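Chain lettering (A, B, C and D) follows the sequence in which the chains are written, and residue indices restart at 1 in each chain.
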Amino acid sequence: MKKFVNDPKNYVAEMLEGVALANPDRLRYVPDYHLIMRTDAPRDDKVSVVQGSGSGHEPAHVMVVGRGMLDAACPGDVFAAPPMDYVYETAKLLATPKGVLLLVNNYTGDRMAFDMGREMAEADGVRAEILTVNDDVAVQDSTYTVGRRGVAGNFFVIKAVGAAAEQGADLDEVLRIGRKVNDVTRTMGVALTACTPPAKGSPLFELGGDEIEFGVGIHGEPGRERRRIAAADALVDDLLEAVAGDLPYRSGDRVALMINGLGGTPVSELYILYRHAHRQLAGRGITVGRSYVGEYCTSLDMAGASLTLVRLDDEIDRLLDAPAEVAIRVF
Amino acid sequence: MKKFVNDPKNYVAEMLEGVALANPDRLRYVPDYHLIMRTDAPRDDKVSVVQGSGSGHEPAHVMVVGRGMLDAACPGDVFAAPPMDYVYETAKLLATPKGVLLLVNNYTGDRMAFDMGREMAEADGVRAEILTVNDDVAVQDSTYTVGRRGVAGNFFVIKAVGAAAEQGADLDEVLRIGRKVNDVTRTMGVALTACTPPAKGSPLFELGGDEIEFGVGIHGEPGRERRRIAAADALVDDLLEAVAGDLPYRSGDRVALMINGLGGTPVSELYILYRHAHRQLAGRGITVGRSYVGEYCTSLDMAGASLTLVRLDDEIDRLLDAPAEVAIRVF
Amino acid sequence: MTGNAVPGVELVVRSIAETAVANEKYFGDLDAVVGDGDLGYSLARGFEKLLEGWDGLDRGDAGTFLKRCGMVLASRIGGTSGPLWGTAFLRAGAAAGAAADLSGAQVVTMLRAAIEGIKARGQADVGDKTLLDALVPMTDRLEREFAAGAGAAAALRAAAATTREAADATRGMVAKRGRASYTGERSRGSVDAGAAAVAVIVERISETWQTRGATS
Amino acid sequence: MTGNAVPGVELVVRSIAETAVANEKYFGDLDAVVGDGDLGYSLARGFEKLLEGWDGLDRGDAGTFLKRCGMVLASRIGGTSGPLWGTAFLRAGAAAGAAADLSGAQVVTMLRAAIEGIKARGQADVGDKTLLDALVPMTDRLEREFAAGAGAAAALRAAAATTREAADATRGMVAKRGRASYTGERSRGSVDAGAAAVAVIVERISETWQTRGATS
């Protein structure tokens, strides 16, 4: 394994320490619960927005804590939902009179930890609601699974509920907005290589020299099918077919288009994907009103990308437009 | 080769089209010269700031065109300086009464192309000056080379001169500031894997399963030595020794600390590096006043990172603090 | 498994914990086949935590002891396994109550309670290719052995063999729960990591019981 | 190389261009050893461009033709090679002037001018492990052959052999210019990509000249 890592057991803790050291004024790190929170949270006048999930998806979610985004992120170990205890303590720490919104990606472990953590916090008098994100269209047969996974589309849910909470919306309203954005958001990804979890020390799965995993999950879960690599444009066509055909997005729609890197793919390639996706959407009569190209929700060092569409309306546009500050920043 | 690419010959052009499509209001793409420029450039009331270099280092530099940063970037093909003709045409397109600042990283090809392009533009009445960035301490024996290379530290030069130009500084003042920042900036990088140029289709060099290239260049040029991989903290110690010992940075200094990813390394690992660097600097009595963690200047898909220090003073601080807008953005 | 309840339970729990810690890599590799490879890490970290606080755990009676263990596991194991294993220990502890003496039948009752807890928590059942496909056949076998009058050592030996077979048999199943279920048909052909972990653990408990197994 | 100047020069330039395009991968791999692997790509794209506009190039005289080629190359080849190769063609064209007839001695003069241009542009000299270490021995040999009365075909054959040897000999040198110089001692042991490219090109020119070499 060739990684910048000390003891893999300290991977998450050391990363979180780094995030806190790089943002001393804005972020606080609570080592006992793997917690990164805003220094000004909780605030009585707003709903606290918290996201939990496994680690290994950075910048999601510990690096999108900040004004107009998350009040706190409570990550588990790499690819593992946080223990319910962390969720419970986080909910208590972030409790405000307006309540706590717990955002969770739709995976068995995360849902169980958050359900249990929320129940325990509620028993302590904390008002908390759970909002589940499930944007991944790769999962087709929901009867046999826990349903669609939450992947890069969660960025838009966070951005929108973060803005609404910042503007003082109450918990019901924040929940309504989150569900609304989740309902118009769809994603699918493709892996060119497997990722290497630090504690495992070797690639999570094997992909042949010209094989790709189409519809891959952000924990390296196999996707719809393993197939031969194709030209970038052809891959975009197939991703777009799966994603746009799902809601479906129709001629006349205005959308946000995100090309999200999975960790090992350089941003130059993401823009090559973006170019073709933008043009193909235009060809379908769908206008790209907002563009997002970069890393939002990764899978460690996996080479690959996902494509997300969000159907915009005035309300969503306004929320996505609202100012925000995050730990991961260019300047 | 597993990349998102169509015909490798169109790699740069397609990426640039993507950048322009994603930023329709702010950026203009001039295909004839591989040029990305602000839609509001050139502006009579400011010096135009232009950076050229090979492609493959994104977001540098085509994705840092924007208010308070570059007015234009004129990239060559992957790892190749732009032809002098592009430099010449770019200088003419960006000409303003206050002049044009041409930023160039210190490589033979780039310097020749810019020298020739500038001369040609000057013959056409364009006032243009060249500022060379050379922050890479890996190059020790400058008598036998063209001298130190320009690497990730160029971000700080761009940010500072971009801010000064935006505030109306004249060409001499902008040059002074650029030289000043370059003079207090030092960088060194380490590669865990080789990058794969799309036209070559295979890794540029071979690194054994536990080998790293210490002091690597951003074009995959070999560095100071090839050695065995070590724990993240130990690598940081060695990078810091080389970088901090060079200016040198001393107890009492306030610095900007950048951990720059080389393209294939996830941001989680960059924060693990950041953590130790920040603490070691504190141990040396050096205060980290500004933190930068992420991808600024990459080498395609190379796994690796570089560490940059900038010695801050009030003037540099103010310029780094100034607002800026770039094509690569989170929101 | 008669005799002082807590020493027996302690021995079992300690075996589970030590096996989980010792098999971190093996369980992780099993989970990597169609899952995300973290099962070994999650269990090892959780049971390490349990062993760290081992001496301080309340040993008032078997039920209390198991519930304390369940609290530590549920709050320290991440992933899907945390809530599942934590729930199992909590439910087993609740079923044990304050009994000073655990009969074979009581042990079976505790295991049934643990299984119901896992089913409820995971919305899963036998045949979904989860650890239930090892736990349930194991419990059935134990029940039969005890009913036929077998001692604990013999019953465990028999149950360990059954659990191993049952875990191996998950190879032919398609996952319907958990992360592996996303792969659909592709999950066929490899054993379920959770079921295999249970088999390894039961084998270890059985071995330990043969040599250090107290009064029976 | 006597006779109508432009057809001879055309043949040579066309050989260079076709060789550069045909060897894109080979030159790139050579440059990858201690450089950044783009030499083949840079030369191929530049000479492709030259071939695209081939028929429209001003053929008034050899000097004009070479200068036009130089302009295209300098403006279309990226990397270090663009300015170097462009300068070489421009200087050779300037040295050729409007001569209708190019003697062997004139060809040598043109090559010397090209070499001086490269030296000035690159701040480099013989022994720095660059294409100069192929170009200079080649020119020396051509000069000796012409002075000894050899015809163009024979002189080229001899010069091609010399260039190959000279290019191979760069293997023992340490790079002092260009990207390879960053590696210091590590650059020893591999041939310089630019020098090797020159050797391949001269071999190809020589072959072409033997079969299609017009009047001499």
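As a convention for this text, a contact is a pair of C-beta atoms (placed from the backbone, for glycine too) under 8 Å apart; a residue touches a chain by one contact, two chains touch by 3 or more.
Quick caveat, the model's predicted, so the values are computed rather than measured.
Each step here moves to a touching chain, and the least such steps from subunit A to subunit D number 2.
Between the contact lists of subunit B and subunit C, the overlap consists of A.
When each chain is reduced to the average of its Cα atoms, C sits farthest from subunit B. Taking the mean of the C-alpha atoms as each chain's centre, subunit B and subunit D sit 33 Å apart. Chain geometry summary: the mean Cα position of subunit A and that of subunit B are 29 Å apart. In terms of their C-alpha centroids, the spacing between subunit C and subunit D amounts to 75 Å. Across the assembly, subunit B contributes no residue that touches 2 or more other chains. The touch graph of the protein chains shown is a line. The list of touching chain pairs reads A-B, A-C, B-D.
On subunit B, the positions that touch subunit A within their shared complex are 2-6, 11, 14-19, 21-23, 55-56, 58-59, 63, 159, 192-193, 209-210, 212, 229, 231-233, 235, 263-275, 278-279, 288, 291, 293-295, 298, 300-301, 303, 305, 320, 324, 326, 328-331.
On the side of subunit A, the complex with subunit C involves touching residues 9, 54, 76-86, 88, 107-109, 112-113, 116, 138-139, 141, 144-146, 149, 197, 199-200, 204-205, 217, 219-223. On the subunit D side of its complex with subunit B, the touching residues are 28-29, 32, 34-38, 40-42, 45-46, 74-84, 86, 121-123, 174, 176-179, 181-184, 186.
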